[in-house]
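Both complexes shown next keep subunit A, but they swap its partner, so subunit B is in the first and subunit C is in the second.
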Partner chain A sequence: MKSRLTLRNAEAAPLKAIEPFGAGAFAERIQRDLKAGYRLISFFAHKASSHTTRLYAVIAYDDDGLIRVAATNVADSFESLTPDTPQAHLFEREIFEQTGIIPKGHPWRKPVRFIAAAPEEAGVMKFHRVEGAAIHEVAVGPVHAGIIEPGHFRFQCEGETVLHLEMALGYQHRGIERALKDGPDKRSIHYMETAAGDTTVGHATAWCQALESLAGVDISFRARAIREIALELERLANHVGDIGALAGDIGFLPTAAWCGRLRGDFLNMTAVLCGNRFGRGLIRPGGVAFDIAKPQVADILNRLDEAYEGLDTAVPMLFDSPSVLSRFEETGRLSIHHAVDLGLVGPAARACGIEHDVRKNFARRPEPSTRFTISTCNTGDVLARGMVRWLEIQRSIAYVRDRIRSLPDDATMRPMKALRPAHFTVSLVEGWRGEICHTVITGADGKLAACKVVDPSFHNWMGLAAAMRGQQISDFPLCNKSFNLSYCGHDL
Partner chain B sequence: MGLIDILFARAKQGHRTIGFPNDAPVLPELFQGRPAVRPELCQAGCGKCADSCPTGAITVPAHIKNPELLLFATSDDASDGGDALSLDLGRCLFCGECGKACTEKAIEFTKEYRLAATSREALKLTGETFELAKALDEKSLKVFGRSFKLRQVSAGGCNACEADINVLNTVVFDLGRFGIQFAASPRHADGLLITGPVTRNMELALRKTWDAVPEPKIVIAVGACAISGGLYAGHAETRSGVPPWLKVDLYIPGCPPHPITILDGLLRLLDKLDK
Partner chain C sequence: MPPGAEFLHRPGGVERLRRDVAFHSVHGDEIAVDILSLFNLLLAFALAPLLPGIINRTKAAFAGRTGQPLLLPYFDIARLLRKGAVYSTTTTWLFRAGPVAGLAAPAAALTVIPALGQPALISFNGDIFLLACLLGMGRFFTILAALDTGSSFEGMGASRETLYAALAEPALLVGLAALAVVTGELSITGMFAGITGEVFARVVPVCALVAVALTLVFLAENSRIPFDDPATHLELTMVHEVMVLDHGGPDLGLIQYGAALKMWLLGSLVVGVIFPMTGGLYTTVVYVCAMFTMALGTGVVESIMARFKMPRVPQLLVAAGAASFLAVILAAR
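For the complex of A and B:
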């Protein structure tokens, strides 16, 4: 009897517990799950030996806090899941690009990161095209007008209305997953801290959780609390920055200016913890590299109070202004059905009314004493994505206050051990953009045989494309900002 | 929400622009700035600092204990064993591991935030002295000194350098007061400010952007990635930093550099700082 492996968040199991299904049963199991509303959070190919390549599908059962892993061995092709379950579309393109294994029946087998293209052909592919005398095409990027990462957007427009938006990414591809193999070594944690630099704490935490589970090391409650505080500070800085940027994009300058400043105040709180505004150097396998002393607790609490006071004038003013609401409401609207079909995560999903958040659904046991409420809206527009952030800001501030006041007394670092050979683990963290998923497999020698890093942006870029349908092209910057996705996190 | 409310809120938010450069900058208590390198304290051959470094930034005398580091060395790098201890700020991630590894305090991180340099050579620290970035020549200052517009290109940057460059545009740093601005089009720019290890997939776009900037023009490399490739040096997917077909006028090290470090570098280049 073939069976799936059932895991909790950051729990490792021997690789042999995963018995591969036959191709038909594999596809059937996954499709049944996805149609029942469970989510595909990772799907990748691993060349286990010179003659075996195995597909792993990792599925989240949010309500039960469980992760189920199914596998099948493949030769040179498999039946694509995408036509019935669109969540799989980018994963399958990625599998094809990385291994040449063909997802048969996939509607568009295009590059994801242009890993094999000639340098001058990055971004060159056959874009979907709307034909007709009244149709025009707009190409933007890879170099954008602001101080942001590169990516290419191709719009099909009829007048001002966007009929379709397609993205070509991959310009940021640095070969991170490849470089992680055969580790962990002294470079690994730095790859994770720079996988998406604005999510340093999120990716570093997911990575350390994965290694700790493979090593069978439990970090102290104090270290866990400090990681959680740092993760919330990262969320606060980015959410505050995003609300300011939304205000800036519609020319509501007071909130744009104030949030720009307040964002920095949160980055500076992270620097109080470890000296670096992005949390570089804080999260390390075995715990955290910096403890929080009493004066730092008082300092952070003071700074939180001051920042909250600033936010409490800056943000409600934005959402109370009719001129702002008229720009935010109904703009870039995404239905819950689309969001579920595409497998959206994070604030973008919660803004469509999807109630999932790793901090609640996959809380690591024993749970912290603080109760956690998932922040949702249900209109799926720019306003909802802004409001979810504002709700999360208020709840995160309360959470950090609670956690930092009641830090458990313990060591901050526990010695790491060797990784158990031939094990499999999945580690989830709710980063500020959404679910970060690291799947790590060790080989017979205890070294890393495969590392699959899924940044929330990997799920969500298609959400932005879907939200742009029928919108005015002039609203693209606003819609884009309301998602604020990572290019390097996608391109790795 | 009426105009009066906004004005009240405005009064409450207050004036927030920092006093730098007239006042000393406020840096985090745990800030790690330029490391002091003291070869005279180095116990030749221990090599613990070099072993701990994730980017091969450190050269130890006589021999390197860990030959794996050579994998990431490039031809312009002297990490095959020099005469004395040295640390390449252009590769440094400021993780502080070498400082922790050295029991003799031959490498110790200080709170010095002034890190920018005019030449790649100046970033190779062999002692406690450091040549701060020099101003442009008089002719260039005449062109750029009062209005300097940069086009930023992220070429594999992780969005940390980008974020702390962006922050210079906030009311806190108010970059515009120095006559420095970021331009949307390269055709309106006086130069490029580059971040990231320059991925293979971005090299062509970088070249086209450079070609679109009118002469005379400046190149500024921000962050370990742009200067040397940083952690991504030697990756087949990158060009290990700003490619040789561009001549860099200003290097601003860090991972990422603190906004004050970036601002300090820009102001030195434009001769707007006395010390």
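For the complex of A and C:
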């Protein structure tokens, strides 16, 4: 009997261990898994040779920390999974756009990124429209008022109430996955560091884990600790910035001003590690490019204490203000059912009560000594998304303190080896925005044959659209900020 | 005698006020009164842009920043007036009329506002309606100019502004009506003169309620927190700011100056109710300080609270209207 390939996080397996299912059995297995609550974390087509295209579905079993991979060979179409399991919808649109293979029965084959080589339907900007005398349409973007990335939002409104929000992204599409093919070369790591500029450490770590597993290299515990510290500092900087921005959006001055400055303090801590505020150049295949010396440990601990002092004043002030709570509560509410159906990840999912965090569920063996607690809320509104960030900030600071005090002694870099040919690996990292999933396949020559990068934003944009239903259009910027998704991470 | 006209002949009407003022002035003649009234107006024109400057400095202090120069609004207006303007081809003369009316209306309305214990430059029975109509006209043209752009953002802003104005205007008019009932005067000059002295002690509850209502109207009409956030860059959340997004250069300069005058005007009404003034140099100092304190207070409010969710804004404006109505009931009792 054919079975699926079972992997742990960042564990490689020979490609021939994946035996393709028949089309019917493939769809059935995946739907059974998704309905049982497991998550589709990656789903893509890979043209294995000139005449076969293979679909890979990567499913996360959070409870066991296992990743299962199912595959099937397709010709020009396959039965869409979307009607029964909505979390597949964007993956299937992407597959259609990139290969022209039709997901039969997919309700909405709109292009994802408007790539140049798309089949005939791609590039058509058709938006769902609500008709009626009292309905008005509001188009926002792709050029926005703030200094943010480009993306287009189309609202169908009845007065101030949003009936439907549709997004058109793709303005930042740079062809990163294509550029990684036949690598890795000198550029690859830089592509990953800028896949989503605010998630440099997250994507670079996921990428390096994937390459190291394909090469069969184990990095030192010291390098792992430094990577984890950098990842948490990235989370801290972004979460603090987000809480400040949430305060700014509702015109709550004190927290907006304080957190804006404190975000810079956390970025500077990353600069203490490697000289770059975003962690560029720190994480390299085989380990980390910069070691932490004793004075730096003291410096970072000192800065953490100072920053925490500021945060401990500024953030409770926000969550204790009645005027703030009246803005945050019940705004942009998303139920846990919607969050599960759409396959949400990261703080947005945890704010709905989903207990999922790669750092806990897919912790790499052997696990770090620190016990890890998943931060969750259960109301699914803007308040919950802010609160989850505040909880994570406090726990991350404790974690960094712990890790940096007990750095293992070892080399920071181990020599990389050649990648094993015809292997398959899945690498997961809990970036600050959520789960980052890199799936990498090597060809017979040991070069990269396919790379699938899934940024958390790819899962979560639909969550924002769902959260806006029935909300005030004036609350959109606030809801948007509470998700704070990446455009370039989605567009790649 | 037509109804209402008896107020004209009541003791304590405009005539008595003019005599009072003449008594306080050095020369003691009618011309001196007019010059002093003109001085009030010039004071407003000169000092109005300081108010947004003070608000911004206050907010900066709360945020731990040095903040912009106090006189920046003046430089901003001067800079904008020197610039050119770009007009969309979809717009008509209405779009250009918006900023002009937006400045002309508060500038004209200031002529019926008494200050420093002096009568207003223009004062007649029922001039509160002239005040309301002028403010309404300024808003009307701003809204038309916004709609003229055909932008969905500006349309939404216009719709919100109209709703809020429909609730803020009654609060303003009824609040002033309460003063009219208390003093038996039908001109703003008469009302403010009528609540001075020992009368004030008697009508404190009415004045307090009217002051609350007018302060809320002051914050709403000047698009301040908690009603609106003048500092935001997010078009979807804006009320007033979004309506003037397409204006630039001299037009924007006129709009900013007009907004400052409007702030001065509504602030004067609040200050007039809280500190009834009889004239003299002392009054001038108190008046100007009170205006600056008003700006300071606005800055403090903006520093310590978040703006309201949009559906809650009308509730607060209705509360302002209710305070005004209560004041009328108290006054008529």
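Operating definition for what follows: the second predicted complex is superposed on the first by the 484 of 492 C-alpha atoms of A that agree within 3 Å, B and C clash if a C-alpha of one lies under 4 Å from a C-alpha of the other, contacts with A are read in each partner's own complex, and residues count from 1 in each chain.
As a working rule, a contact is a pair of C-beta atoms (placed from the backbone, for glycine too) under 8 Å apart; a residue touches a chain by one contact, two chains touch by 3 or more.
All of these numbers come straight from a predicted model, not from anything done at the bench.
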Simultaneous placement of subunit C and subunit B on subunit A, clash or fit: fit
First (subunit B), second (subunit C), both or neither touched by A:Gln472: second
Partner chain in contact with A:Trp258 - subunit B first, subunit C second, else both or neither: both
Which of subunit B and subunit C A:Ala139 touches, first, second, both or neither: second
Subunit B versus subunit C as contact partner of A:Phe114, first or second or both or neither: first
Partner chain(s) touched by A:Asp198 [first = subunit B, second = subunit C, both, neither]: first
Contacts of A:Ser486 with subunit B and subunit C, given as first, second, both or neither: first
Touching partner for A:Gly170 - first (subunit B), second (subunit C), both, neither: first
Contacts of A:Ser321 with subunit B and subunit C, given as first, second, both or neither: both
Between subunit B and subunit C, more extensive residue contact with subunit A: B
Partner chain(s) touched by A:Asp249 [first = subunit B, second = subunit C, both, neither]: second
Minimum C-alpha separation between subunit B and subunit C after superposing on chain A, in Å: 5
Subunit A residues contacted in one complex by subunit B, in the other by subunit C: 145-146, 254, 257-258, 261, 321
Subunit B residues touching subunit A - in the complex, by the definition given at the top: 1, 5-6, 9-10, 12-13, 16, 28-32, 52-55, 93-97, 152-167, 169-172, 182, 184-186, 196-197, 199-205, 209, 231-232, 235-238, 255-256, 258
Subunit B-touching residues of subunit A, taken from the complex the two chains share: 113-115, 117, 119-120, 122-123, 142-143, 145-150, 170-175, 179, 186-187, 190-191, 194-198, 200, 254, 257-258, 260-261, 263-264, 267-268, 271-278, 280-281, 290, 310, 313-314, 317, 320-321, 486-488
In the complex with subunit A, residue positions of subunit C that touch it: 59, 62-65, 152-153, 155-156, 160, 225-226, 229, 231-237, 302-312
Contact footprint of subunit C on subunit A as seen in their complex: 136-140, 145-146, 160, 247, 249-254, 256-258, 261, 321, 323-324, 326-327, 331, 472-478
